[in-house]
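Right after this note come the structures.
Heads up, the next two complexes both have subunit A, just with different partners, subunit B and then subunit C.
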Partner chain A sequence: MNAFTCSLKTLARDKSTTAWAFLFPLVLCSLFYIAFTGLDDAMGQPVDVVVVDDAAYRAAPGLSETVDAVSSGDDQWLVVKYAPNAKEADHLVAHGDGKYYGYLAVSPSGEVEYHRDWRERPGLDAGNEVVAAVVDSYLQTAAFIAAHPGATVAQAPEFTKAVQLTANPPSDEVRYFYSALGFATMMVSIFATTGVARLRSGRSHVGARIAVGGLPRYRVLAPTVGAAYVLAFGTLVIGLVYVRYVLGVEFGGRETGILAILAVGAAATTAFGAAVAVLPLASGALMGLSAGISCLLSLFAGLYGPGSQELADSTAEAAPWFTWLNPAREMYDAFFSVYCYDSFDQAALILVRLALLALVLFGLAAFGMRRLRHEHI
Partner chain B sequence: MNTFKTSPAPAPVQRARAADRTPKSAWGVFRAGLKLLVRRPALPLIHLGLLGLIGLMMMAQFGSVPAKGEIKEIKPEVAIIDHDGSQLSKALRTYLEDHGMPVHVGSSKRDLQDAAAKSAAAYIAVIPAGYQAGFEEAARGEGIGHKDSAARAQAMPQLETVVMLASDQGRYMDQLANTYLRQTWAQLVADPDADLGAALTQARQLSDLRVKQSMVERPAGEADGERFRYYLGFVAYPLTAGICVLSGLIFHAFFSGGVRRRNLAAPVPPARMSLQIACATAVLCVAGWIWVTLLGFAPWAGGAEVAGASPGRFALGLAASLVYTLVPLSLGYLGVSLGLGPNGLNGYGTILSLALAFLGGLFTADVASSDFMRTLGLFMPTHWHLVAVRQAETMTGTWASVGPYLGALAIEVLFAAVLAAAGLLATRVRMQTAEAGGLTFDED
Partner chain C sequence: MTDQSPVVEVEDLVKRYKEVVALDHFDLRIAQGEIFGLLGPNGSGKTTAINCILQLLTYSKGSVKLWGEPMTPTSYDLKRRIGIVPQQVAVMAELTVRENIDYFCSLYVAQAERRRELVDQAIAFVGLGEFASFRPKKLSGGLARRLNIACGIAHQPELIFFDEPTVAVDPQSRNAILEGIRGLARDGATIVYTSHYMEEVEQLCTRIMIMDHGRSVAVGTAAELKAATGIGERVEVELDIADDAALAAILNLPNTQQATLEGSTLRVDCARGSQNLGDVLGALDAVGVGYGRVYSEPPTLNDVFLELTGTELRD
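Up next, the complex of A and B:
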């Protein structure tokens, strides 16, 4: 117990480590709050498109009315920028920095054409299909009227209705906060990295004294890792409280589940930090390695925006075993499971995997900490 | 007991010795600065290597480069759960699956939640039992005027759909489903006695009417795909993290109290010493820039796209990245001036690089950003790096196109200058502390 208390005090008094570990969840979640709040609305936003407003366009029966109808009102599909001719529209799209998905024009023969921008927009790539579908609908209605002369086209009813099958509505905003919490959990592993690195002989004076002392290694390592875990979990709890009650992010009333995931996740990342600390690298490099691996693994938890989310999802589908080795992704999945499912069994399964990963990593750390012979000490 | 031997000398001592060594020539300080990193290759490998890899992996999100004029049709993953098994439901399923990528999702609530949690499909439609009968009754009833609008709306059965938010693909599939059903409905309204099979055939023929599409011509000399352009913008992230931390380590080695005092007492003019430290960090910037650029040139990354692009424009894009390295260099200097040590620099670099990347728009498309984010981005050097890269890509050689590019570079340099000036100010304040051996308020 003395070793635990001593480790706890030593780590807590390490201003540099404590300050950064404390700041990570707060700064990161604040960043995400600024960057991604309103993202759900952005996904349903109308598509920017240029329309060539020339004589041919105005002569096309019903086309301008269709474009007007879908570019106004509550159910708006398009945001239209009019250009006087095709050359101007082409210039707007080509040099518009990706703002416009393309332009609509009517050829002199009366054929409606859609000229798409060549740029890719990962995560938002269906915008072109949305524009095309609007024009398709116009063409199909025109063809129907031509095939049924004299038929009155009544206002069609709604054929589909969106339902919510998950416990909480799907939300991209919440997904990013889960990624951020996963990353923050990875980053608080620096408590364990700092604490365990200090125990290594040849790394510090304390480590040298421990090396020649009579205490078994497990009696040194376990309290240090325990102290690092307490600080890591405490830091994350403060982060969660900040996200929930200061930033006001809703987690669908599943805060208890999220707290449980943070508790197990912090154990896994603390073990990860301890395993990194026993590598034969300088202190600065250990911290850098811990941060670098955290950044890399968080890529597969979708930390870096919509493109990263796509990459993370496709990787998880193609190589599920990789997600089992990635605490950031496992935590993300566990958060999302708690958010989506009615029951907690799926999240519990992930937590068991995380706990196993923590045990394996802790075993590696213990192996690296085994008693060494030091001729120079 | 193991016989494993560890390195005899602790790493921090080694660093101090490298920086503290008496210069053997006029450029000894410069060499000592570079040796700090050369003797610890793990540091550059982690900070520039690992984070550079993230950029490469992010490029995987871009598909293969389309051939000139080729239209890449989006095929969203779609799951149809058919509880009706009727002619109409089968026809609808065929239509949607022809325009998407069919995936299997079980029909239980748990399976559906699973699909939503794992984003297994962009669009899930559940066709309820008795759908065709209800649909026909509502449509044919409408056709012979049995019902008013309100009754019709209530009578028409609806598909239960789940649209994933991860992209607009779900919205697109919903639009297609509505289009097909509307065409079928219109056929039955127009001819209430029509055979359903014939109505479905006609609806399919009409629904297959698609607008003629073509691709806007890329400006001459512009790269064929988006990968390398994206990468040129993205490099600001690994450059910020890497150069900020690594240059910070060099600055810290020379600016830490004891080493600095001894170096100031050495027979080397302070200006020359500062110049050599600046040169060492400049070499770091160029080396980091070359490394991340070479990563992007990898054939399986963006290299293939560079071949068709104008060399001049790409050179300007690369030059923008090189100029950007001044920003993390200044940040590293500022961090050390504020008193950060090696461990603190790691956290400082990681947080700052993420903050600048997110707020500058490196990770999110403009169209997915709020107005506030776009305004905030104007105050981030990463945003101006993106502007410079985009301007370089579309430059035509006229002053009208050169001006914005040079302007963006000038703003990047201005950011670097302001940060460096703040660092100088902080250094000056710290030099006057008792710890640094300067005057304090107690010594009057």
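Up next, the complex of A and C:
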């Protein structure tokens, strides 16, 4: 058995490593699935809203046409109930037993306002996002009409484009599974941490034994890191297959792009795991450290939902370089750029940055592992 | 490198762990084909010496040469000729017995085909045939130590370090291990064997170094060590009656180093001599004290150790 198969076998059979790197993200994906499939159903259903049909509403250029367009046909987004004034609309929402998500009204100054119902209900956020998307698309249309005097909504081909600015409108569901995949990619770093930590001559009996063996350092380190990478990427592929085919989540035909991102991302996090393994700590502590940093970086990548997203965005604004050092964030961005845009250019740029990060981290790990002799063992 | 070069040549090695001086100007020369014993109590520096020789530890002073060549952390040509059986069982918990031996052998032998043969031989050598597909956790202490040995010797090294391979091992496994080591030496390997069990070292080793506090106290064959210290046998006699006159007569003998009377048991430590037992019994006859059973025990390495260091070797 050579160093590669040995690492492959030992890591795959190491229960705590596989639990953290493999089962944990899989369980997480399943939990997301349970939590968000209800939400996705809400996304598929038209949303009940009240629209204040007054003079201001009719005066807003293109608004009534937009509302008509999205509240009819196959691809119906809204089910509209008209009210003559705001008071009536408010009454309908308040006493509609949660039927209406809120009401749309145009202020005397001509601004479109959405008054949402704040009471909790299943799918509330998703429903409100649908209304927000409609308002957004209207504002785009309005801007088009303003720029092209005399144009009507029917003549504005951008209208449909405006609703689907992106190649695939991101659904909440897909976003959460991207988060899960990003998080899983961080967690699979544990394979490299466990594998490399075992090679340390100063802190592991097996490591000392390997160090006095007849193989140069790189002939031991490289196969181990290689095996850790194969397991990391393999785990992610299984995870992707599970989410795509077992849970049946659609990724808009971008599976190849996602695979490419997982391949580069796994290299970066494997390098990260290897670099953690050369820190002067006990082996058990290293695995905890890898998992801990993975969770922390995922937090700063906004992988835990809206709160975490805000933190991630403000961090990215304050310190853009931190984004480049955070594989979780880079992967999340890359997922979105392949999902939303037809071109792969932006994702490619991110992948190049990730690959560079991987090289630097591998370098650090190799540097830390070159030492064979220690003060004490 | 010449034929006369010692296999191991350590000069003036000094190793400190913070305040503790683990090796104190330590010298060691081991020739081709020897079974060399490093005998010393726990903490005397045996493991430290091996780890310095293998370049696992830094040291503040001294030189290490193997087969006449300086040993460095990257001397892979030298490392390939060495086998090591560490004090702790150091194997992969996730691999079976066979996989473990194969893996550690792969650090020395690249061809899988050749390795298969070597692994088979090693498994047979340590008698783990029926346990080949077991994980280490399933093995008893003695069997795990045998696996530890197999992992160190499968690649048929020319120089093998055994660091206390028989600690916490049942007598049956222990005898198998000792017999195995003799076999390796017969096949031409040079052996370095550390232990704090003097009987073992005395039985097994062709030459012995007694270590204490990181220093070499004495080096030689067991017989040479005993001869050098001038201690003779210990005579034990069951007297018919406890008689102080008998003790006085014994203490008067020229070769008596120490004599005690405990109940009716008389113990006499003699200096080296050919007549000791006869002299003791003659003296008893002279004072008219009858006796029953008589034992005479040749000196042990423990006596040598006591003589040289003033402390007992046994824990």
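Methods note: the second predicted complex is superposed on the first by the 242 of 377 C-alpha atoms of A that agree within 3 Å, B and C clash if a C-alpha of one lies under 4 Å from a C-alpha of the other, contacts with A are read in each partner's own complex, and residues count from 1 in each chain.
Basically, contacts are C-beta pairs under 8 Å (C-beta built on N, C-alpha and C of every residue); 3 or more make two chains touch, one makes a residue touch a chain.
As the structure is a computational prediction, the values presented were derived from the model and not from experiment.
> By residue count, is subunit A touched more by subunit B or by subunit C?
Counted on subunit A, the partner with more touching residues turns out to be B.
> Could you say whether A:68 touches subunit B, subunit C, both of them, or neither, answering first, second, both or neither?
neither
> For A:292, is the partner it touches subunit B (first), subunit C (second), both, or none of the two (neither)?
first
> With both complexes superposed on chain A, which partner does A:201 reach: first (subunit B), second (subunit C), both or neither?
A:201: touches subunit B and subunit C.
> Does the superposition put A:313 against subunit B (first), subunit C (second), both, or neither?
A:313: touches subunit B, not subunit C.
> Of the residues on subunit A, which ones does subunit B touch that subunit C also touches?
Residues common to the subunit A contacts of subunit C and of subunit B are 201, 372-376, listed in rising order.
> Which residues, counting only subunit B, touch subunit A once they are in their complex?
Contacts found on subunit B: 1-8, 10-12, 14-15, 40, 42-43, 46-47, 50-51, 53-54, 57-58, 60-63, 66, 71, 73-74, 76, 109-110, 112-114, 116-119, 124-126, 138, 142, 149, 152-153, 156, 158-169, 171-172, 174-179, 181-183, 185-187, 189-191, 202, 206-207, 209-219, 225-226, 241, 245, 249, 340-348, 350-351, 354-355, 357-359, 363-370, 372-373, 376, 390, 394.
> Quick check on the complex: what are the subunit A residues that touch subunit C?
Listed in rising order, the residues are 1-3, 6, 9-11, 13-14, 198, 201, 205-206, 208-216, 220, 372-377.
> Provide the residue numbers of subunit C that touch subunit A in the complex, in ascending order.
17, 51, 54-58, 73-74, 76, 79-80, 82, 84, 86, 88-92, 94-95, 99, 102-104, 106-108, 110, 112, 151, 155
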